[in-house]
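Note that chain A is present in both complexes that follow, paired respectively with chain B and with chain C.
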Partner chain A sequence: MKPAVLTGEHFMTGDVACAEGALAAGCRFFAGYPITPATEIAEHMSHRLPDVGGTYIQMEDEIAAMAAVLGASCAGVKSMTATSGPGFSLMMENIGLGVCTETPCVVVNVQRAGPSTGLPTLGAQGDMMQARWGSHGHYEIIALAPASPQDIFYQTITAFNLSEKYRVPVLIMSDEVVGHLSERVVIPEPTAIRTFSRRRPKGRKDRFKPFCPGPDGVAPMADAGDGYRVHVTGLTHDERGYPVMTADCHAEMIARITGKIRRNLADIIRTESYRLDDADVAIVSYGVSSRSSMAAVDEARQEGIKVGLLRLITVWPFAEEAVAHLSRTVRALFTVEINLGQVHLEVERCAKGRVPCHLVGHAGGTVIAPERIVQAIKDHL
Partner chain B sequence: MNVMAAHAMHKEILFTGFGGQGIVLAGMIVGRAASLGDHRESTLTQSYGPEARGGACSAQVIIADRPIHYPYVRHPDILVCLSQGGYEKYIPMLKKDGMLLLDHDLVRPQGEWKGTTFTIPATRFAEELGRRMMANIVMVGFFTAVSQTVSVQAARDTVQALVPKGTEKMNLAAFDKGHEYGLAVLKGRRKKESGEKDVA
Partner chain C sequence: MKKAKASPSHPLDALVRTERIPHIWCPGCGIGTAFSACLMALHTSGLDLDKTVMVSGIGCSGRAAGYTRLDSYHTTHGRAIPFATGMKLAKPELQVIVFSGDGDLFAIGGNHIIHAARRNIDLTVLCVNNLNYGMTGGQVAATTPTLAKTTTTPRGNPEQPFNLPLLVYAAGATYVARWTILHTRDLTQSVQEALHHKGFAFIEVLAPCPTGYGRRNKERPLDTLKLYQERTLIKNGANPAEAFLDFERGVVLGKFVEEQRPTCIEMYDRTCRLPDSAAG
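Moving on, here comes the complex of A and B:
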């Protein structure tokens, strides 16, 4: 067996750093189907997993890949897959199954420009609303947005920890640029990496109720085959896991799977500020666009415009309080993202008309140049 | 801005050529050497689509003393060309006070840009050393000597780490060939410059 944690300094792409972050988090199962620009994650996992006692499976398509990930997780193994737009669309139904059955797993979407096959080799951030609402029904999901190889290494660990803690699929919304960009990645000693595993049940195996939540709103999860009585279905179910076809039971189940997220927003939502303290104007951005935004902040300040950045590390659930607070302290908000306005809608919602909200975006295929952001700010002030 | 900040390094470097010439590997060597060897900040972005397999290919490297926010080259300080197409496409972007590095058997400079230019028959040298495909490594050696953006030690170590197993020795010879040629070119220029001053 080789070490799962490659402690040391590396110069690696975001895709490879994502795979290494997964291994450091304890991921030991990957099922996937290759797709540009996410293929390198699968490729790297196929090299590394057998060496650390894990399993790699290339499935016949993304529907099967997502199903296999859920199955492996039910058997107690930390599991993940990685894909891009077209595959993400195919995975949507089974991501919903993961939400409904409260099965921890991590899904990486290295975004490229869509819809459909779109621009396979060129980046975008056009799947952000799909991440939020792409599967049917009303639910809560966690989605993170990494901005660099070092960032995605740690965010992948965070994704596994959150998914295990809250028993929910966690989405990592990367993009082609972060996926293929090479930078220094420092991987710490294994003892310096905090990992979290799902709470397992105690007590009588025949009395076990698999969807009976503890005080934190999350039910302990038994590994299939351990002898605990488990029943898993995508149908609306009661705390025994058995189907109950009533509006009351449905309301209870949805309250549980949304409540465990909504009641823990402070633990789940992470943001980062860049030169916001004295800012007159604030940018809200995430992923690779937050890097363009940081450059724009510096360049605007050289021209005497006090701009700052609120970087969303967690995009879903949305940082409602942070954006609302910002809308009370600055003169204008600018959302910078590679689409024609998705997270921007959330920024507008939270600003509640207190300040003008502007979008700096385009349809995808390239990053947003810092000078375009600076120009947009100048045009609107 | 303090003195340190005023002298903080920020170099944008563009390697261009045909897919298959090892342009991305050249960028990877320089980027990784700067990061892991010289402990500076560096980023590498590269051609990824079909152009990386035969068409016009490029690798973009930024080396800086401070965190690099935007990872793409906007105003190259250094343009390295191993093909005429790469030269023609990117020469309009090169800074006036920038530096142009060419394989002079493959690229014929033309047009308005008249800044500092260094040329080397990298492909011919690589052929003489036994493998034409080492032209990129000859160029990395030359680049290391004339641009002084990465240390020789870091660049050499990185060549050794990144070339295919079993080819380290010949690739290091290719690197050294380019590096020595670069040092000789620099020496010649300095001599010429001081000679001109003496005359003046």
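Moving on, here comes the complex of A and C:
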């Protein structure tokens, strides 16, 4: 066996750092399908997993990859897949199965510009709304947005921990720039990495109800083969996991799978503030665009405009309170993202008309230059 | 519930979620017979049933997982096999059975079954073939005979159906059999063999669907069973190419293929793992 945690200083791409973060988090199963710009995650996992007691498999398509990840997770193994736009679209149905059956797993989307085949080799942040509602039905999901190789290393660990804790698929919404960017990545000692594993059931096996939540709103999860003889279905089901085709049971189930997220927003939502304390103007951004935004904050301040940045680390569930609070303290909000207004709509929703909300975005293919952000701020003030 | 308690116990009760009975299958449907043959094979297999898992897709046959008192997973349409593949790879000590229908496994899930066969992943796949989509009311399937009537081929099916045993054999399956629900002993024995077979084992079970298929094709439930009795020929070792489903010319049943080839997991351990990590 080789070490799962490569403690030390490295120079690696975001895709490789993501794979290393997964291994450090305890991921031991990866099902993949090649797609630019996410392929390097699969390649790295295929190389590393068998040496740490895990298993890599390349499936026949992304639908199969997502299904295999759920199967492996139900067997008790922390599991992940990685893809980009077209593959993310194909995974949507089984992401919904993961939500409905409360199966922990991590799905990485190294975003490229779409729709359709789009710009396979160039980045974008156009899948943010798909991350929120891409599978059918009403549900809650957790999505994180990494900004650098170092960041994605830690966020992948966070993604596994949140996924195991809340029994929900967690999406890592990376992008081509973060995925292919090589930077310094410091990997700590294994003892310094906090990992969390799903709660397993205790007590009489014949009385176990697999979807009966504990005080935290999350039910303990039995591994296949542990003797609990669970039934798990994507049909609307009761606490025993048995299908019940009624509006009442459906309301209960949806309340459970959304409630466990909505009641724990403080634990799930992570944001970072940069020079916001005295800001007149706030930028809301995430992922690679938050790096452009950070540079824009400094440039604008050199020109005497007091700008700050709210960086969303967790994009879904949305940081409603933080944005609402900002809308009470600044004169204007600017959302910076590589699309034509997705998270921007959420910012507007939370600002409730208290301040003007502007978008600095474009369709995809390049990052947003800091100068453009500064210019947009000047134009609107 | 009272009635269920009062009724005498059945040898397979321990394997059935009796509290979920009555099941959804129609009178005259063949799935229940295929299901009980599968359970009987499990019951007598000597396997550790706590380590035995049933995975289903969507459809009438896909409901089997929900009636089985095993760890049982009712997944998405067509995806039982990749789900089962992930489960088996992650925890190789599990015995994983896929019980699903022809539409689920060969139309929407067709890509997955050929790749699972190619890999020789150690799964036991039971495909109940009732020649149509029963759950949705009897639409044409990839298995519907040419010219047969369904709700979406009201003037007859213009297409040719798959020969399922030939397809999985060509893709690499190492155990291939076909039975009908009239041949319950052969079927049960075949499931037992398949459970103990190392590698990808596939059994096609022909089953009537009087509600969806039969009534549109002038086949009453007993007519279908008569076809199974009179128009079939047991020919173990037959070339799967002979297994084309045509009751006018006669349908070949039996164990067509039983071969040994290293499984997906054996090959992975041998090829991809460092020698010192293979054990752990």
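To be clear about the criterion, the second predicted complex is superposed on the first by the 381 of 381 C-alpha atoms of A that agree within 3 Å, B and C clash if a C-alpha of one lies under 4 Å from a C-alpha of the other, contacts with A are read in each partner's own complex, and residues count from 1 in each chain.
Operating definition for what follows: a residue touches a chain if its C-beta (ideal position, glycine included) is under 8 Å from a C-beta of that chain, and two chains touch if they have at least 3 such contacts.
What you are looking at is a predicted structure, and each value in this text was computed from that prediction instead of being measured.
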item: Clash or fit (per the criteria above) of chain B with chain C on chain A; value: fit
item: First, second, both or neither for A:E189, with chain B first and chain C second; value: neither
item: Partner chain in contact with A:P37 - chain B first, chain C second, else both or neither; value: first
item: Chain A residues touched by each partner, larger count belonging to chain B or chain C; value: C
item: Partner chain in contact with A:M59 - chain B first, chain C second, else both or neither; value: second
item: First (chain B), second (chain C), both or neither touched by A:M294; value: first
item: Partner chain(s) touched by A:D248 [first = chain B, second = chain C, both, neither]; value: neither
item: Partner chain(s) touched by A:D379 [first = chain B, second = chain C, both, neither]; value: neither
item: Chain B versus chain C as contact partner of A:D277, first or second or both or neither; value: neither
item: Vertex chain A angle, Cα centres of chain C and chain B, expressed to the nearest 10 degrees; value: 120
item: Partner chain(s) touched by A:P50 [first = chain B, second = chain C, both, neither]; value: second
item: Overlay on chain A, chain C to chain B nearest C-alpha distance, Å; value: 21
item: Chain B/chain C common contact set on chain A; value: none
item: Residue ranges of chain B touching chain A (in the complex, touch as defined); value: 28, 31-32, 35-36, 41-46, 48-49, 69-72, 74
item: Chain A to chain C touching residues, read off their complex; value: 1-2, 28-29, 31, 46, 50-53, 55-57, 59-61, 63-65, 67-77, 79, 93-94, 97, 222-235, 242-243
item: Complex contact set, residues of chain A against chain B; value: 9-11, 36-37, 120-122, 176-177, 180-184, 291-292, 294-295, 298, 367, 369-370
item: Chain C residues within the chain A interface of the complex; value: 17, 19-20, 50-51, 53, 55, 65-66, 69-76, 78-79, 82-91, 93-94, 111-112, 115, 268, 272-274, 276-277, 280
